[in-house]
Each structure stands twice: as C-alpha cells, then as structure tokens.
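To keep things clear, I will list the structure first and then write my remarks on it.
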Amino acid sequence: MASNPYFSLAVLFVAALGFGLAPLGLAKLWGMVFSPPKPNAIKNSIYECGLESKGDAWMQFRSAYYLYAIIFLIFDVEAVFLLPFAVAFTGLGVAACVSMLVFVLLLIEGLAWAWAKGVLTWA
Amino acid sequence: MEEGLKIELGKQGVFVTTIEELYNWGRRSSIWPMQFGLACCAIEMIATTMARYDLARFGAEVFRPSPRQADLMIISGTVTKKMAPQVVRLYNQMAEPKYVIAMGACAISGGPFKQGYNVLKGIDRYIPVDVHIPGCPPRPEALIQAFMTLQKKIDGQNLTGEGRPRHLDAEAQGEFPVPVQGEHDLEPSSNRLVWPLPMKTGIRD
Amino acid sequence: MSLSGLEKEKDRPEGWNRPRLIEPDGEGELLEIAMGPHHPSTHGGFRMDVALDGERVIRLKPVFGYLHRNHEKIAEGIGYLGSMPYTDRLDYICSLTNNWAYALAVEKLTGQEVPERAEYLRVILGELTRVQNHASSIGFLIQEMGASGTPLMYAFREREKILDLFEGLTGSRMMCNYMRFGGCRVDAPEAWLTAARKVVAGLPGFVDEVDRLLTGNEILMARTQGVGVLPPELAVNAGVTGPMLRASGVNYDIRKVDHYGIYDRFNFRVPLGDHWDVYDRYMIRMLEMRESISILEQALKDIPAGPVMDAKAKIRGFRPKPGEAYGRIEAPKGELGFYLISDGGPNPYRYRVRPPSLINLTVLEDMCLGSDVADVVLIFGSVDIVLGEVDR
Amino acid sequence: MKTIEEIKAAIEAAVPGAGVEVVPNASPSGQHSLRLEPSHAFEVAKFLRDDAELALDFLSNATGVDWPDKEVTEKVKVKRLVTKTVDGVEQSAEETVEESRKRVEPGCLEVVYHLFSMAKKHGPVVLRMKTVNRTDNVELPSLTPVWRSAELQEREIFDLFGIVFTGHPDLRRLLMWDAFKDHPMRRDYVDPDDYEYEPTAHEQVLARAAAHTAGEQIAGASAGAIPGGGQEGIGGK
Amino acid sequence: MLGEGILKGLAETAKNFAGSFVSAERMTTVEYPEERIAPIEAARVFPFLVYDGTDWESGMRCVACQICEKECPPKCIYIEKSKDKKPDAIGKPQFYPAKFDVDIAVCMSCQICVEVCPFEAIKMDTEFELSTDDRFGGLLLDREELSKSNEYYHQIHPTEAAVVDARLTEGRAKADAKTTAAAITGAIRGAEIPKRPAEGGD
C-alpha cells in the first residue's frame, strides 16, 4: 500500500482537507464551549437602515437585469475553462493556443452582438 | 504565569502566552467600528480617521456600514427620541462580542440638549455602554485615548469564571428590547436591566 | 437664463412648482426602500423613502427630525448670551458663521454698533469657515461617489490647519462661541494674524491641487454632468439659496444684496452656473473658495488696530427692548437667518432659525425624479446639508 | 423699495376688501409688518409675487409664534350705586369708581412670513396672519401653492404649533414622529417626565421636575416621588 | 484624449505619495500617544477652580456668588454656600462654596462661566484625557477634583494668567489702601461704634 503511486496524492488531499476544515471545526468547538449562540427576534430581523423592513424583496423586476446576469454567468464559466489552460500554457503547442483563441473569440463575438442589441443598457 | 518568568523566556526567544491573552489580543487589535455618525461628534470621529490623527494605527479605520460586520458602535452625537429605537435595533443586530463607546456629552447624558423634549438623556438608558468620553465634542485625541481605554478593558476580560464578558456567558442578557414611540414619550422610558436606578435620584429639593 | 423670465410667472400652469409625476414603464412592480436614518450616504440621521422602478426613482419622500434637538425651545429658556454656544451646534461645520448670523440679528434688534477691527475679524473668520466648509463638502461629495477617502483626506488636511487657527483664537476647534453682541470676545494677537496669513498663503496651492485632482476627471464628469438639474424659476420659488441657487444661474449673494458687515470694501465676484447640475455645484464651490481666499488676502492685509468689543456692549443682564428683528447672512450653505421676538425680558420670546439646509432640501424630490438610485446619493451630497441645521 | 404704507395701499388697490393693517415694530430694525385677513391672504400673496414693481418672488422664512391667553388687569370706570349716610339719611347716588379688573385676553397662534425679491434685490416685507383661537379654530390658508419654499416650513409649524394649513399639498408632521400627539413649541407644553438622574439640578430643572412629581404625589404614585428633604439626594459621591 | 483627466489626478496623488517621504508638510500624521501636537494656549475643555497658595480649601478664590450657576446654558454647575466666611483672594471675608459640583457629562465647554465670573475664580482647563467607564462617579467632579493651583493655571494659560494676576494684585492694593484709610478714620472717631463692614458677595 505504501508504494502505491497515488498514496502521496491521498496524503496531500487529506492534508488540504484538514487545513480547510480544521479552523471551522475549531470555531464550532469554541462556540459550543465558550461563547454560546444567543439568537433573538430583533437580532435575526432583516437589517434595513435601522427600521423594521416592510414588504419583501421577492418581487417582479425588469427583464433587462436577468439578461445582464446571464451574460455575466457565461463569462464566469469561460474563466473557469481558461484556468487549466493558463496553468499549462508554457507546455502547449501552437494548436492549443489557436483552439483556445477560437473559443474565446466566439464568446466575445456573442458579447458584441448582445451589446449591439442594447441588452447592456437599461436606463 | 508570573511576569518575570515570561520576560526571561522572552529573552531566550521563547514566547509564552495563554489562550485568553491571545483571544483578547486578537479582538482588541482590530475593532471595526460601525459607520454611525449622528451629530457634531461624528465630524470629530471622521477627523480622527483622517490623515492627521489616523485611527488606522489602532486597527480601527475600517468603518463598516452594516451592523453585521461591526464590533464597536461609537455613538457620536445626540440620540433623539425619534432615533433611539433605531439605535437600539442596530445594537441588537450587531454580532457578539460588541462594544459601545458613548462619545460626547450628548450620548452620555443628553449633554447641552438635555432640556429638550425630543432628546434622550443618555443612551445608557437602553443599551450598556463600555466607555464614556466627556466633551462637547471631545478632541480626536480623546477618542483615541478612549480606544486605548477600551483596549485595556478588553485585555482585562477573562474567558471563564465570574468576570467573563457578556457574550461568553449563556445566561447574560442577549436581547435589549427596542422602545416604542408612544403618544408623548418613548415607552418604556428606560430599560431597568441596563439603566440601574441610581442609588440616590439626585433631585435636590 | 436671465431673471427677466420670472416676470412671466402669471401665465404658468397651476402647480408648476410641484414635483412632476413619473410613470413607471409598467414592466415590474415598484420596490419601496428606505434609505434610512442609518445609511452611509446620509450625512447622519436622515431618511428618504424611495419608490424604485428597477433603478429609476419614481417617488422620493424625505423624512426629517432624527436630530431634532429642540434648539429653539431651549433658547426660550436661557438668555440671549446663553444661546450663543448653542448656535455653534446648529451647522456644526461652520460654527463661526452661525455665531455671526445670531450676533447680527441681535445687533439689528438692539441697534448695536460693532467696532472696525471686530468687523474685519468677523469677515476673516467667516471666509475661513467658508473655505473649510466648501472643501469638506466637496470631499464628502466625491467620497459618496466612490473615491473612498482620497479627496476627503486632502480636504481634511487643509481643514485641520484652519481648525488650528480657530483653536488658537477662540479656544475650540469646532465650537468657537466667539462672537458677542457688539463685537468679538477675544482680540486676535499679532502672532495669530501672521499664522493666519501663512495658512491663507497656502490655500491657493491647495485649491489648485484639488482642481488638478478632480476637475478634469472623466469619471466625475460622466457621473455628475446633467444629473440633478434644478431650473432657476423653481430654485427661486422654492427658496433655495447659497451655492445651489447660484449654480442654477440666479445672481443672488446676500453679501452683495444686504451689504452687511464690511463686504463692500472687498472686491470679489459671484460665480454663476449655466447647466444647473451637480457638476456646476461642484465648480461653484471651487470658484467660491478662490473668491473667499482673495477676500481673506485683502482683509488680512488691511486689518486696523482698535477695540474688539463695543464699549456699551453688556454681557450680563442683557434685556433688549420689546420688538422683533430678522437678521441674515450668506452662510456657506445658503441664507442663514435668525428671527428674534423680544418682550423686554432676559430670554427671547421667540427664537427662530431660518435653516438653509432644510429649505434647500425642498426640491430634493424634483431633482431626483427619473434619475438612478446611485445618482440620488450624489444629488443629496451636492445639496451639502448638515443635520444639526436641518432638524435644529 | 416702497414703504410699508405704499405696499398696503397697493394691496388694497389690487385686492379689494383685503383688510390689511400695519403692525409697527418698536425695535431699531424698523421691519414693520402687515397683518392679513386669512380670507384674502391667498390673493394678496399671489399679487405680491406677480406684481412687476414689487416682484416678491422669494419667501425666505415662515415662523410660527404662540401667544397664550394673557391676564390683563386694566382700570375700568364703572358706575356703581354707592349708599352714603349723610347726617343720618340714607342716600344712594350714582358714582363712577375706578376699579382694576382682571380680564383674560384670548391668545392666538400666529404665522409670520418674510418675503424678499431676488429679481429686484430688495428687502424684507413681513406678513402676519392670526388664527381665531388656540384650541379648535386654528386653520390658516397655506401659501405653498404660491411659494414652494413654504412647504417644509409650514409642515414644521403644523408639527410644533398645531396650526392647520388648508390647501397644503402634503401636511404631515415634519420633525416629531407621527404618533406624537401634542404640539411641543407651545408655551403651555409640559415635557415628559425623565428627571431620574439630575446631579446638578437647580432653578428651571427643579421647577419642571416639580411639575411632574407634584402631579404624581396627587396621583399617589410613589415610584418617582422625590425622597425626603435634605441634600443627601445627590447622585454618586 | 480620454483618460487625460484621470492621469492628471493620478500624477497628483503620486506626487503627494513621493512627497510624503521627503517634505514634512505632506507627512501630517501625529502618532498620538507617543507624539503629541504642541498644546495650543487658548484651548479649553472643562472648567476648574483656581486657588492661591498651597491649601486648596483656604486659598480658593470662589465666593459662591452663584452667577456662573445662573448663567450656565446647559445648567451643569451646582453650588451650595457655606455658613461661615473665609478671606477671599483680595482678603475680604466672603462666603465660600461648601459644595461645588460640575457635571462634565453635561458641560459643553463654552466658557461662559469664565466670562461672567467677577472673581477670576473659575478658568478653563486643557486636560482632555478623561474617558472613563464609570457613569455615575467618574463624570461628576466635586470641589476637590476641580481645584487646581494658580501655578498650574500659569502653566497652561501663561499670558491670560499674567493678566489675571495683575488685576488681582491691583485689587489687593486697592483693598489694602481702603482698609488702612478705614483704620485711620476709625481711630479718629475712637468712641463711635464701628459700622459693620460692607457685606461682600453678590
């Protein structure tokens, strides 16, 4: 088992997980032992500049905002794809660069069309 | 852990501390005040954060607009009866451990406007106040000195046992009721748990 | 737009000076939010109930009274002199112009003269107050636009120098309580005048620095030009005064109209705006700072020697004869007036402050209708109000 | 600028039956005022603003003043039957006797407007209007449709004095909270009892505190009553 | 071209940043607890009672005339007269305050008490580090905490203290001249019952 090639990867993974979760566990422990949670109605109420909030925020809003959010989402996802490419960028050939360029340009062309259609302006 | 031993060890490069000291040191070195200016003292508070007096040296120049992310409420200015419910609600909405500095005569006792019909005679009628700064308005250095007083007070808090602060002890009062604006005055006119009736009522006849 | 257009008010439609109704474009519901008493942009306790259609403002109702400290009721209980330190707390950024307005009103009530040197000191301190008020108001305006801190740091660095001068003469940085009925409380020693000359010599450099930092800035121009337009007829009819009125192109500066104090001895110009928007108000405050600096240089050059307090002025037992008087000055925020009714007793029978900040807010809704929420913060900042004076 | 009499004449010429009277002002400021009848006030205001020569287009200040009922003692000549016994004979004769009699002059609430002209840059014209009494009939015509600057100031006068302005587009309380009932700037207003801790109380503060505790002692509530006499009632120390 | 204004602004802040290392004028921060701003002479925070000599009780100049109590706008001074008398700054037997409280939680440091005090008994202090967490005890200064010596007064307000001292010595000189004159006339009349000395105070 010790000589399994993936063993070092498993140790690193467990260490990373521990490094991530340990502070949360410590905080939970601290909360239970030392500072108990004391929720109450006023503390949990919605903060609205010191007043009681009337009405609720779930309401119909303009469709332009929805389109704006969707376009942002597309570029957010595109950035996720760019990440591994950027990491391994030095080791790749010209073909990989061109294909990634095509991918990026396709999306920018979509953005240009949306901009031309006036989706981004809602004044 | 007597001091002498700690200093000796410090000389050898070994630093010894307790969880309590570390906990208090961590909290007092980065108290984030809430952006909460009411009147003239607010201008002196802003002047304290500006270049000349530079509150950043005390880790407190981040003024958080929302009560959720603030540890300290500096009540800088006159708390009127129309504003009092909002102040108490904001205090309740702040996350524990939270502190209050009553800056200026108006926040402590209504100050020069004490005879006004719409002025609350001091915010400690509804919420517990940690440090009072007299002055109208107190100089920026007085506000920095009040910060140091508050930091000493936090250093002195212990984690367990009798003297532990309010947020570490389950039975302590967590909710401070918000006064209601009635027909003639705020009802109730003060929160007895926070504002003890002084030993003598101080009215001289 | 000259004032001649005002004569034709007779043939204006009924309710022309009311805020115009904005129809929501019907796509979504209206979101009612309160830019409430505790809000980073509201300079203290001030609330605006805003109805939004998406980002556009459909209705905006300001709510006042969160800092109503009953200054006028307290003033009826204490003597005339006792109210002087309370006037520092009206517009707590310019305490000396508040003192001056109150002293001027009482001097008009009793017909008291003021010696020469005291008039010069009043002009010097009044103009110093105007410079630090305009610097702070520009700093706060740009701070609310998003430049967190930088212009405010420059403005407050200059303000600290001026506050040191105030503390050196009157004893307190912000609450000077310096002017009395018939002169000033303390004479300015020669050392103070030289220190004042040194600070005033540095002021033009400061205004040029802020000018280079901000005036050409494209973001500032994009955010403020064409925003919060206030037409002159509405400004006059709504009683707007001060830099906001002059930014709407109306030539009305009480220093030139009432000729109070000794302003006639100094030559200074009154800048007027011609686009009536937030950018004009910013530019008017910058130009007024330059005019105030030129007044300061002239006043500091030829200040005469002599007494600072009129011989007949009384400190205690001050009982003006029955009567009433309304005195006003050009405070940095607008026309600050005091209306005093005396019944012969030691305390004023009625003590009324005409708050320029409150009356300038009458047209806040008209300026904000149809603009975005982010611009409401800017328009409110360009009105430059102080809550102590709004709610008194 | 015209003198106050000329303005009065111009008003009477322009608005027949306006009922304007000059109220002299004793102080050296010389700002005499014109008292208007509430019935014609609106037309007079429109005339003052639209007149080419006066052009009072800027209402600078609107103030509320409370004149409470005043007790006036005045010497009154009264015919009184006086019976005198002259050498034993009863005689009753009419005689005028000087008597000082206390008469309560009914108070009123008053609004004072200061008008200026931005077009012609001339100084204050002061208008005054009185309500009928201080209790039920407190209506006055609002001048907000003529000068928009009166909008917030009239709301403040309504809030602090209780004068109801008819024709005001949006008459709500300006400074106090909406549930507040009384009008605090009136001279007979008793502010709420909050005198628990007054370490340096003397003179006025004691008088106001006494106003409450006297009330409470009558009501028999013991909670807020002042402890027994003597000076030891000083907080702290 | 676009962005030229922003570049000019950035140049301005860069100049200021570089300047802060070089010119003291641009480095304005005063690290408060260690470094302090030079005390400004006319500064005023809270009032204090001046006493001459060493013992604060007997050297106190205040004669409990209660003018400052009446004139104080926020009403934060409370005085109670003593029953007996003691010589005041000029040497005339006067009352003195048995109790003199100033509630610094109400005081607005407006120095009207200093202005109306005819006996130079109350002056404005410059001590501002008074933040405390004791609401009832720490903010009500009584007679003893308020009393500070004349030397201290000379320390904080030198020029003003000199003027006040000159006025007091001149007052003492006039009082001595009057007493010697009264003594001479008294001696001449000899047999006559001496009138009660004029009552001092308000």
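Residue numbering begins at 1 within each chain, and the chains themselves are lettered A, B, C, D and E in the order written.
The definition used in the following text is that contacts are C-beta pairs under 8 Å (C-beta built on N, C-alpha and C of every residue); 3 or more make two chains touch, one makes a residue touch a chain.
This structure is a prediction, so every number in the text was calculated from the model and none was measured.
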Check your understanding: Compared with subunit B, which chain's mean CA position is the farthest off?
Key -> D
Practice item. Averaging only over C-alpha atoms, locate the centres of subunit B and subunit C and give their separation in whole Å. Key: 32
Practice item. Could you put a whole-Å number on the gap between the CA centroids of subunit B and subunit D? Key: 44
Check your understanding: If you average the Cα atoms of subunit A and of subunit D to get two centres, how far apart are those centres in Å?
Key -> 65
Exercise for review: Please set out, as single numbers or ranges, the residues of subunit B touching at least two other chains.
Suggested key: 51-52, 82, 86, 90, 109, 112, 115, 117-118, 136, 139, 198, 204
Point to revise | Residue list for subunit C, restricted to those that touch at least two other chains | key: 36-39, 65, 68, 70, 73, 77, 85-86, 89, 157, 160, 175, 391
Review point. Listing for subunit D: what residues touch at least two other chains?
Key: 175-177, 184, 197, 199, 201-202, 204-205, 231, 234-236
Review point. Which chains are in touch, pair by pair?
Key: A-B, A-C, B-C, B-D, B-E, C-D, C-E, D-E
Review point. In their complex, what parts of subunit E are in touch with subunit D?
Key: 69-70, 75-78, 80, 99, 101-103, 106, 136-137, 140, 142
Point to revise | Parts of subunit A lying in touch with subunit C, wherever the complex brings them together | key: 48-51, 54-55, 57, 59-65, 122-123
Study note, to complete from the structure: subunit B partner, complex, touching residues on subunit C are 36-40, 43-45, 65-71, 73-74, 77, 85-86, 89, 92-93, 152-153, 156-157, 159-160, 173-175, 387-388, 391
Exercise for review: Could you pull out which subunit C residues touch subunit D in their complex?
Suggested key: 3, 6-7, 9-10, 14-15, 17-18, 64-65, 68, 70, 72-73, 76-77, 108-111, 234, 236-241, 250, 252, 257-258, 320-328, 335, 337, 339, 341-342, 350, 352, 354, 358-359, 361-363, 391
Check your understanding: Touching subunit C in the complex: which residues of subunit D?
Key -> 25-29, 31, 49-50, 52, 55, 57-61, 63, 65-66, 112, 114, 118-119, 121, 123-124, 126, 145, 147-153, 169, 173-177, 184-185, 187, 204
